[in-house]
Amino acid sequence: MASVKYIIAVIKPFKLDEVREALAGVGVAGMTVSEVKGFGRQKGQTEIYRGAEYSTNMLPKVKIEVAVADAIAAQVVEAISETANTGSIGDGKIFVFDLATATRIRTGETGEDAL
Amino acid sequence: MIQMRETAMLRLLARLGAGLSVLSFSAAAFAQEAATKAAPVPNPGNNAWMMTSTLLVLMMILPGLALFYGGLTRSKNMLSTMTQIGAVACLAMLIWVMWGYTMAFGDGGNGFISGFGKAFLHGVTPASTAATFTSEVISEYVFICFQMTFAAITVALVLGSVVERMKFSAVMVFATVWLTIVYFPIAHMVWASGGFLFEGKMFGTDLPAALDFAGGTVVHINAGVSALVAALILGKRKGYPSEPMPPHSLTLTMVGAGLLWVGWFGFNAGSALEADGSAGLAMINTFVATASAGLFWMLTERVMGHKGSALGFASGMIAGLVAVTPAAGNSGPFGAIILGAVASVVCYFAVSKLKPALGYDDALDAFGVHGIGGMIGAIGTGIVYAPIFGGPGDGSVGIGAQVATQIIAVVVAIVWAAVGTIIATYIAKLLTGLRVSPEVEQEGLDIGEHGERAYN
Amino acid sequence: MIQMRETAMLRLLARLGAGLSVLSFSAAAFAQEAATKAAPVPNPGNNAWMMTSTLLVLMMILPGLALFYGGLTRSKNMLSTMTQIGAVACLAMLIWVMWGYTMAFGDGGNGFISGFGKAFLHGVTPASTAATFTSEVISEYVFICFQMTFAAITVALVLGSVVERMKFSAVMVFATVWLTIVYFPIAHMVWASGGFLFEGKMFGTDLPAALDFAGGTVVHINAGVSALVAALILGKRKGYPSEPMPPHSLTLTMVGAGLLWVGWFGFNAGSALEADGSAGLAMINTFVATASAGLFWMLTERVMGHKGSALGFASGMIAGLVAVTPAAGNSGPFGAIILGAVASVVCYFAVSKLKPALGYDDALDAFGVHGIGGMIGAIGTGIVYAPIFGGPGDGSVGIGAQVATQIIAVVVAIVWAAVGTIIATYIAKLLTGLRVSPEVEQEGLDIGEHGERAYN
Amino acid sequence: MIQMRETAMLRLLARLGAGLSVLSFSAAAFAQEAATKAAPVPNPGNNAWMMTSTLLVLMMILPGLALFYGGLTRSKNMLSTMTQIGAVACLAMLIWVMWGYTMAFGDGGNGFISGFGKAFLHGVTPASTAATFTSEVISEYVFICFQMTFAAITVALVLGSVVERMKFSAVMVFATVWLTIVYFPIAHMVWASGGFLFEGKMFGTDLPAALDFAGGTVVHINAGVSALVAALILGKRKGYPSEPMPPHSLTLTMVGAGLLWVGWFGFNAGSALEADGSAGLAMINTFVATASAGLFWMLTERVMGHKGSALGFASGMIAGLVAVTPAAGNSGPFGAIILGAVASVVCYFAVSKLKPALGYDDALDAFGVHGIGGMIGAIGTGIVYAPIFGGPGDGSVGIGAQVATQIIAVVVAIVWAAVGTIIATYIAKLLTGLRVSPEVEQEGLDIGEHGERAYN
Amino acid sequence: MASVKYIIAVIKPFKLDEVREALAGVGVAGMTVSEVKGFGRQKGQTEIYRGAEYSTNMLPKVKIEVAVADAIAAQVVEAISETANTGSIGDGKIFVFDLATATRIRTGETGEDAL
Amino acid sequence: MASVKYIIAVIKPFKLDEVREALAGVGVAGMTVSEVKGFGRQKGQTEIYRGAEYSTNMLPKVKIEVAVADAIAAQVVEAISETANTGSIGDGKIFVFDLATATRIRTGETGEDAL
């Protein structure tokens, strides 16, 4: 079976739709998304409640997880970088993993066919 | 003798279905009477009902409207929406006691404002009274409070179209100007003795006075049209309509709708100014028109091939409440049921077809529901008022003539509100920039304008 | 003279603790009087209080009950729960003005319904009045509205057992039939002059009239029993009881409970039909019975080795409110405290032991709290009413006799409600299929039936 | 003749602005009258308004305060906060009818309590009445309920400083003792005839009576100071102030603030005990003082270089409501506006500067807002009452003298509340341990103390 | 130390309990669960708010993360596939990763012992 | 490019701040955090609603995801273990993965430079 890569990308929430379209563009059938809090160089807004000041560096981000065929992994990373890029701090990261196996629960298909 | 004449005239006004008290007039009357007899004392029952009604309207604003509107926004703008509503209401109350009350209900003045004789509530004491539509009176302070809440909620309603992008400071400036040049004059025209539409015979015709029991024209058409104009000047929200902007909590919207319904009885039954049979009529109409409208919106959704929705139900309720407002004491229960149903169906198309078609961003449909619903109600009142439709009218005025008057009132309100809103909005733009930065709009006005999050 | 006789008789009825107005009777009386003297005019204070009470009951439905019930459901069914409650209430209001009022409180009729003479509110005007328990009157429109809200909330209460799986359309059909064959007749039997239980002497005995000040039997036993029967016919929710179904927001449930308490005073103190000392008694009882019941539920949890819970507190409050409803004006404060405590403890076992034991799925415990609590209250009222227990009774009726009457009333209500509910439910099943598909139940009724999500 | 003397004296008391009814006195009067004439009958309008006011105050507690406070806590303590508030309120109601009412408003007694003659409401019937400030009366049961809600909300307010760490059982013990040794005596001193501060001439001076229209001293200073003392004894929340503890739902806090505002009119306008012009004055003041305070807090935030916040707006509203409470019927509208603004600014610094500086953990700022705001209001009332500031005073009492009295009342309240709270808190500590375990505090009191989660 | 596999499975929310039991069955001591939104072939319900129609393809899913000994990895995948399978589109995926190390914070144990 | 490790740690929520500081201490620039539910040896509190008893073993946990240079991976694991350790059951786990590539969206930098 052809091997598969697993890509985790952390992006700015409002970029999600764009990224999804971009991925569809490079033929990615599906993905899994979750809301996360991100901590990094980007500084958050300060909140004040009755004088108690919280300048959290934890910012709302969206985490995308997508498994893709080796063949298109590079393209996918490319596509995400381009669409999620605003040029300002906090755009996020893309991490790529090697996947041992991928399985589609419904059919039991594995590898690329599972995606 | 004087007393009798006064009462007689008041009855007449009442029959004309005139919306609200004729304070200046009665105040004048007091002067005359002073010599002859002691000032009348309010019946505690009427005072009690009017105080209760006043609080019901306050509840409509905060928490009612704040929840109804807030639930429809995205969570990042929840506090901004609630705070803008609360703050303009507070501002309106302060302005009301300074120069609002006197402009709308002071003594003297002309067909458009009633002067500044009662600026800063000059001369009002706990003993002062305001006349009702019979020979009864209520405490003037109570009447002032009751009317105060009307001004407060009307300006808050306007915000429905501009939330999620208008600056807080801009809202405050806008409200100050708008109340002064739009709300107070229109309230005077429609509700105060000497008012242009209150007296009838507009433009030298011998048309009857306009029927607006509790504010279909003054409050809803006025707010709705102003909302539309303000939204057009302000522009669309970033991402509208391509990006999905689902309501962040329809639960809260439903709660708000419920509180609005409950509070609306202060609006409608309270506008009788007494706890009498006329208030009872206004009350039953406010029940059945709303019930009918809520169900008819869902029905319309079904007919249009969709599922009947919770938001549809809530929207229908509001549409019905808006439409029955001018008709509350001017219709029979079954006239009210029809009126509610019609308003509901028409508003459905206004918000779900007309708005997308024209493409303006009336964020929470202040125009689609209050503006359109108000027009249906104002004109419809001219019809359901007639005895043949079970209305309380005595038939002395032809339906045609009454409808003509209603249309004139609607047109006057539309024009006045539109012009005034353009002025108020541009002044706000001049002083504050009107709209938040794209970053703030992106991040949400809660954090951007208030430095808080609604939910942690 | 006639007036005197009427008043005297009314006093008598009042002393009998009869739940509510004897409209038809007084209406009849008016006829006679017409010749002799002018129709009586409502005291604005009483009208004001009754309008306030009416709105309090409306607030119990939306947002009160919608939040109390909605918070207990899973978030995927929140809007469905709120909308079903709101929509049946609206439907009930429309039906009420069409054929409900006349069936329950119209003129003429027999022991079970009072005819159709007032269908579509025939003959009612702002000047029409309804008699109270003294020689006072209130505006008939106000009385109609007040009673309208009772019908509306009762049918909404029934839904507590069937939410999360019953179709919206089925709910609407059920409500229409159920109100017509169950609610209107029972309301007439218990509250209207000529009513089977209102007149006493049931089955040729010379038992006294049933005591039901504000609807323990008509509203709560009736709704509770109907809820149980409907739930049995409908069947359990998918996954019940194996799968955990924790309330999605006890915060909202607590808010709902608070609003129910506040609103309930409209129910109880409003049922005095006047702002008099009897209303004051009903008010204080509605305070202390609820306070006692809320705390006793938590206490019972402790005694049973659990932690005192927020939901327990809220449940206890409702149980106490239910139990004090028939006793509101028929008990002293300390009788009410006892009654609340007893109802709370018994209801605790009903919902946390009896229900699991029998295994039926009364989703939100409409039967466990309203049905059981209502029975405790109805029968207990026969006891606390006695002067030796500090009740307002004059001792002319023995406790035994009164309790016997109460039991008869309970049994009649149970049987009538059960039979009527079976009919109504099967008609709904016939026309709509009654229950949503497993997929919809899985996904949630909000998205499946209404095409929306409560939270985004 | 007797009647005349009574009325005259009552008027006098009223003019002195004395906070509340002189029940015991009038009760005494009845005795005399009994012989000469029939007991007076309440005007339904006044009864209606007082019942409405009573419910408004109940709504302030649940859901009002429960939401306002609950929204400010962390979600893991939401139910604990709401339940503690609800449960102490219920407990207070039961205690009130047992020994509270008689201690505060019974007949006889001395300057500090009025004896136990009315323990368990001995002798009260639906026909009993309580005198107002004029020759009118209201049903005694209604007066009892009205005052009952004051006791209930005051003890609930105290909890604002100790939530998120105090045991439920400790709260219950504390409340029992605190009401008995702190609230009832202070209420008697300030509001009941014979009360130490109600009669004036404290410490052999000939100072006037204290002005406390609706409870600035009895409710707010009392609750605020007690909250501070209790918080100091209890200690800080784990992690305070290092760990961020943002409000879990400012949406709910805003809703609570709105309901508190609406309900507060029961407090303030209700304290007129009649639906008269004085109630009207109290009403308008409660509108404008609050409006002004809400906006001024936001303004202060701006001036201090921050963003105007939603929580600031809500906090300002409450500060204004607190400050106008003693002044409600004792000020003109513009005096009230000033008072609200001043209280708002001072409270801003109290909560955002003073508290961090001193480092105590008044979790929800019960002291910072109610304590400080109450003091501003109490002393300020001595000023705005004067006719030269547009107040209703007749100028017979010098501002200096009145302010002196107000300060004495404040000091007495502070000392009494502090001492009583120390006693009550240590008794609670002795019996329950006072504070939850660190694990429970970590996990949250909802799961740890009540075995539930607010949101699932 | 014996090596460990890390398994990420995306399933339909209502299947969670069943899957958990199945895993317990094959001796899996623990797992970590999160709510995610899934995008794929399965189409979501359309939502309409005042005429604004959103047919989101983002569906609520549950993500299970479980680290298991190599030895039973296959069984675990098997167990999940079987119990999470409804045969209808949207049943989800299973992804298997090689793990460099696993550590139990409380004890510092690593590898299989950490699980 | 120097290779990178990806670390997933599941810890008790109230330990988050401490852990974050500890990581900052060993020079970790950023991280991604999400709220999860954990299932394991630790038993949850029982909840009762009107007699219906739920003793969920699903406990609220926090999941930290952090990519770090191979060089400091061990230190990072160390730091987390120490700070997140309370000695009581439920402290959580740390999982370490090899990363194929890491990319910073804003700049396109890869490997260590992306972090």
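Order of writing sets the labels: A, B, C, D, E and F. Residues in every chain begin at 1.
Rule of thumb we're sticking to: contacts are C-beta pairs under 8 Å (C-beta built on N, C-alpha and C of every residue); 3 or more make two chains touch, one makes a residue touch a chain.
What you see is a predicted model; the values in this text were computed from it and never measured.
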Chains in simultaneous contact with chain B and chain D: A, C
Cα-centroid distance, chain C relative to chain D, in whole angstrom: 34
Inter-chain centre distance, chain A versus chain D - centres from mean C-alpha coordinates, in Å: 54
Approximate Å spacing (C-alpha centroids) for the pair chain C, chain E: 48
Sequence positions of chain E contacting 2 or more other chains: 34, 47-49, 97-98
Contacts with two or more other chains, residues of chain B listed in rising order: 43-46, 48-49, 52, 246-247, 306-307, 309, 311, 451-453
Contact pairs between chains, per stated definition: A-B, A-D, A-E, A-F, B-C, B-D, B-E, C-D, C-E, C-F, D-F, E-F
Contacting residues of chain A [partner chain B, same complex]: 14, 17, 45-49
Residues of chain B defined as touching chain A within the complex: 243, 442-443, 447-448, 451-453
Chain B residues touching chain C - in the complex, by the definition given at the top: 43-46, 48-49, 52, 56, 74, 246-251, 254-255, 257-259, 261-262, 265, 269, 274-281, 283-284, 287-288, 290-292, 294-295, 298, 306-311, 313, 317, 333-334, 337, 392
Residues on chain F engaged by chain C in the complex (per definition of touch): 47-52, 54, 56
Contact set on chain B toward chain D in their complex: 42-49, 51-52, 54-55, 58-59, 61-63, 66-67, 70, 78-80, 82-83, 86-87, 89-91, 93-94, 97, 120-121, 125-128, 139-142, 144-145, 148, 168, 252, 446, 449-456
